[in-house]
Amino acid sequence: MHAVPLPDTSAIDPPASAPVRDLRRVPIHPDHWYPLAWSSEVKRGKALGVHFAGEPIVLVRTESGAIFALEDRCAHRQVPLHAGVVEGESLRCGYHGWTYDGTGRCVDVPYLGRERLPNGVRAYPCREAHGLIFVFPGAAALAGERPLPDLPSVADTAYKTRRFGREVKCHYSFMHENLMDMNHQFLHRRQMGQMRARSLGRRRGEDWVEVDYTFSRLEGKQPVGEALVFGASKNSADQNDKDVMTVRTGYPYQTLKIRSGDGTLVMDLWIVYVPLDAAQRTNRTFGLLSIRKPGIPFALDLAWPLLVWFTERIFKEDRWIVEREQEAHDRQGADWNQEVFPVINELRDLLRHCGGRTVIPIREVSGAA
Amino acid sequence: MHAVPLPDTSAIDPPASAPVRDLRRVPIHPDHWYPLAWSSEVKRGKALGVHFAGEPIVLVRTESGAIFALEDRCAHRQVPLHAGVVEGESLRCGYHGWTYDGTGRCVDVPYLGRERLPNGVRAYPCREAHGLIFVFPGAAALAGERPLPDLPSVADTAYKTRRFGREVKCHYSFMHENLMDMNHQFLHRRQMGQMRARSLGRRRGEDWVEVDYTFSRLEGKQPVGEALVFGASKNSADQNDKDVMTVRTGYPYQTLKIRSGDGTLVMDLWIVYVPLDAAQRTNRTFGLLSIRKPGIPFALDLAWPLLVWFTERIFKEDRWIVEREQEAHDRQGADWNQEVFPVINELRDLLRHCGGRTVIPIREVSGAA
Amino acid sequence: MHAVPLPDTSAIDPPASAPVRDLRRVPIHPDHWYPLAWSSEVKRGKALGVHFAGEPIVLVRTESGAIFALEDRCAHRQVPLHAGVVEGESLRCGYHGWTYDGTGRCVDVPYLGRERLPNGVRAYPCREAHGLIFVFPGAAALAGERPLPDLPSVADTAYKTRRFGREVKCHYSFMHENLMDMNHQFLHRRQMGQMRARSLGRRRGEDWVEVDYTFSRLEGKQPVGEALVFGASKNSADQNDKDVMTVRTGYPYQTLKIRSGDGTLVMDLWIVYVPLDAAQRTNRTFGLLSIRKPGIPFALDLAWPLLVWFTERIFKEDRWIVEREQEAHDRQGADWNQEVFPVINELRDLLRHCGGRTVIPIREVSGAA
């Protein structure tokens, strides 16, 4: 993996030959581990129906507590298996009672002899970690060699972690660009006051790109919620300036880390945007936000509700704007963006490069009313 | 009409040559009598707008009480005639007052001389029977030779009849298959306990197929509601076993009859699924469920609310599952069913054979979200 | 401009050669001034997002009170500018802060040098008059030579003016035809009693058509609301007969004027139907209804709430029926109208002739359910 430090002013020239793919029609690459639910959403002896890029998938926690993932359709009549019944280590369809084990094999049809059992359904590699249920929707043979994401801050008792996320009606690429372009602080002016981000330069590898920022306040006071998330500044803008934020897309995940002047990791966000529908114009966001606990015991716990409120407000503003971006793309039928920020052009190039090889066939969407 | 008793284990081989039509895109055959409303829905001097397979139809009960059915659009500006005014034996459009008689002829345009009256609208053969208003949407010339359904139990005072039905968002074929495949008792496990159906064999004619079942209880007690509908079993499973249920599709209608050990018809259901939209992915179900009155006077009347509740619950479960089948077909764009039950394959063959000759052009439906 | 008085009985022969364009797919001609908002909707220092035929447009009232209109999308990321912030005489995008002046030029990108500013967005000619904000969506070079509509009654203190309107889900042509064909009084029978319109003949010019009517009452009494709008009749139907109503489409606007027997203009309506979506199957109606004040001071003010109620009821009925017309056209996919009233055929010819040169590509709409 080579890391090339790049000056912040260079532009990326599109390849002279081939026309650039419309990024919003690049499917996410399926050969990675994607969280499809929080662990707490799949109770023992229950099934949960979820989606990955239009594929219906059922997550099952058996009576012994094991987890498996199958295509969420009965081989018989195509009805969703998540409406069925967990029996021991198997899942029985709720319509005519066809039953599948964790490998997707059909192990019982009540009105048919065992020797005549029909074919089953597809099973997906499935693992549980960090309070998330991960599924590998691509080529199952690759699942073993691809690592689950490593999240040391989540397990570290020096940090407190907030789990958050919800559905956002946009292509995952808008989410990556939103977080990586810190010039969008203007969007959060009501929450954060007038902040100015300054890019310190970017680095790029085969499947990742990252950028460092410092921030200075243009006007107003630092809100309390922000102090909790980003660390309290002392009195001067100079102090504030010493914190460094690094935003990184390590395909297909994204992280945002803030280190204080002495190198301490004070905030550590890991986030991923999982496409739900076949057109990949909707995603479910799963985020783990770890905040380093301050010296005073319980201070962070007391401040937690404020932090939740603050991050919810920020997330709501981000969600609103990226959904407007998606709407514009739907209406315009192509990517009209006029991007001038080099790191974002680098990121777009990366997402095209690492994405799936096909093109999402987006049907025409009617004009605004 | 030849009736061939068939063993329950034979499979139907698809014809070697032609590819099998997608049953979910076979339109219902229009050359039959279809109920489009309950009699009570069309009051004297009023009009009601209904649909058959995407065709808007207005049902009119004139001031003398006669019933007629027209295309539900004014020849002038295409607005629905059901928003108009019944005047005597005619229907006047509510916009500019064009007026039609029961044959669809335009008999008045208030601002035009009688000698210049324009063409009218299409009229449909229309008859009232069994508390239903039947329309013949196909070739009117055939209406006279096609009989209305014969429903002796509805008129017989030895039976009490419940009228029920509502819109279901699926192709009519899913409804036929649902009722005929009694292995789906597992769907109703919460209402009926664990029942096992046993097929006694099937028979087939030119435009009908039927199958006999007996039932045995695997576990649990017989619910009271079920006892009312299917007849109370004494103490043993053997007794229960002697009742025979016959499910028959006599195109385009369906019946379910239960006869007790001594041959008495204890339950008699007649049901039909009328396509509403052009894609025929929505139907309105009209059902007449006749229950033989027990020896004790009024016993059935007292138990009626319970029976209503029980059948509503069953119907709700059936509706839910067939709508999931339709959703799967919409998403998959084809029939992926892997049917193993011979009578259902026979039924599917019949519905293809008796259905309309065209193919429903189903537009693509986007992936699930 | 030639005005040809035409007898009311002549029909318009379609041109022998070319097939007639489907009027419902003729776009409104963009080279006219269209109101896109009421003045009161755009507060000082605020922006409002509106639409013209699918084009998103932002109306801005600067801090000095000036009005301008831009494409409602940031050149950067295509998000709506109406969610931004008015700063002085400019509009700053709410996402990354790109800023535009009233000509659409980009005058600031906070994180970019002034020498590297990117291209801006389209600006539209924009004027304010009669309490409306007018935009010229077509070729800007023509805006200067095309007049704003002249509305003398609105400025005349002898009249009191009601402003009204809302969204209606139909092509603008249905609105023109609805108002011009006074035989549709039957639609308002509950509000107006049984009135009969009598056409006195029509006139036509290059870009206008008009028709005169008198009215007689068939039965019932004159409602109070109607007396306010159309003028009170004395006792006899003869008196009523002397009022003359003139309905005129002067492309793209429409007027309805009622003059009493002595030539006094007692009612003066100006109305326009602005397409909102690209398919032009939705319009926003802006109407200015001026009523001549009676001799008694404040009498009209006292009666005003009744007049509002009356006109709202009439408008609601009209809206309901034209939306049914649009639905029928969507379902039928073509214009099946069988128009027999000469002035309406003249009007349709005019709307085709004056409309845009392209054809609205209407996607197929599914059958009714």
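We just call them A, B and C in the order they show up, numbering each chain from 1.
In this text, contacts are C-beta pairs under 8 Å (C-beta built on N, C-alpha and C of every residue); 3 or more make two chains touch, one makes a residue touch a chain.
Predicted, not measured: the structure shown is a model, and the values here were computed from it.
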item	value
For subunit A placed onto subunit C, the superposition rotation in degrees, Cα atoms, nearest 5	120
Type of subunit A:subunit B copy interface by residue overlap (half), same or different	different
Geometric centre distance via CA averages, subunit B-subunit A, whole Å	47
Residue numbers of subunit C (touch at least two other chains)	none
Contact footprint of subunit C on subunit B as seen in their complex	51, 53-54, 56, 73, 75-80, 83, 92, 94-97, 109-112, 116, 118-119, 276-279, 282, 363
Subunit B to subunit A touching residues, read off their complex	181, 183-184, 186-187, 196-197, 321, 324-325, 328-329, 331-332, 336-341, 364, 366-369
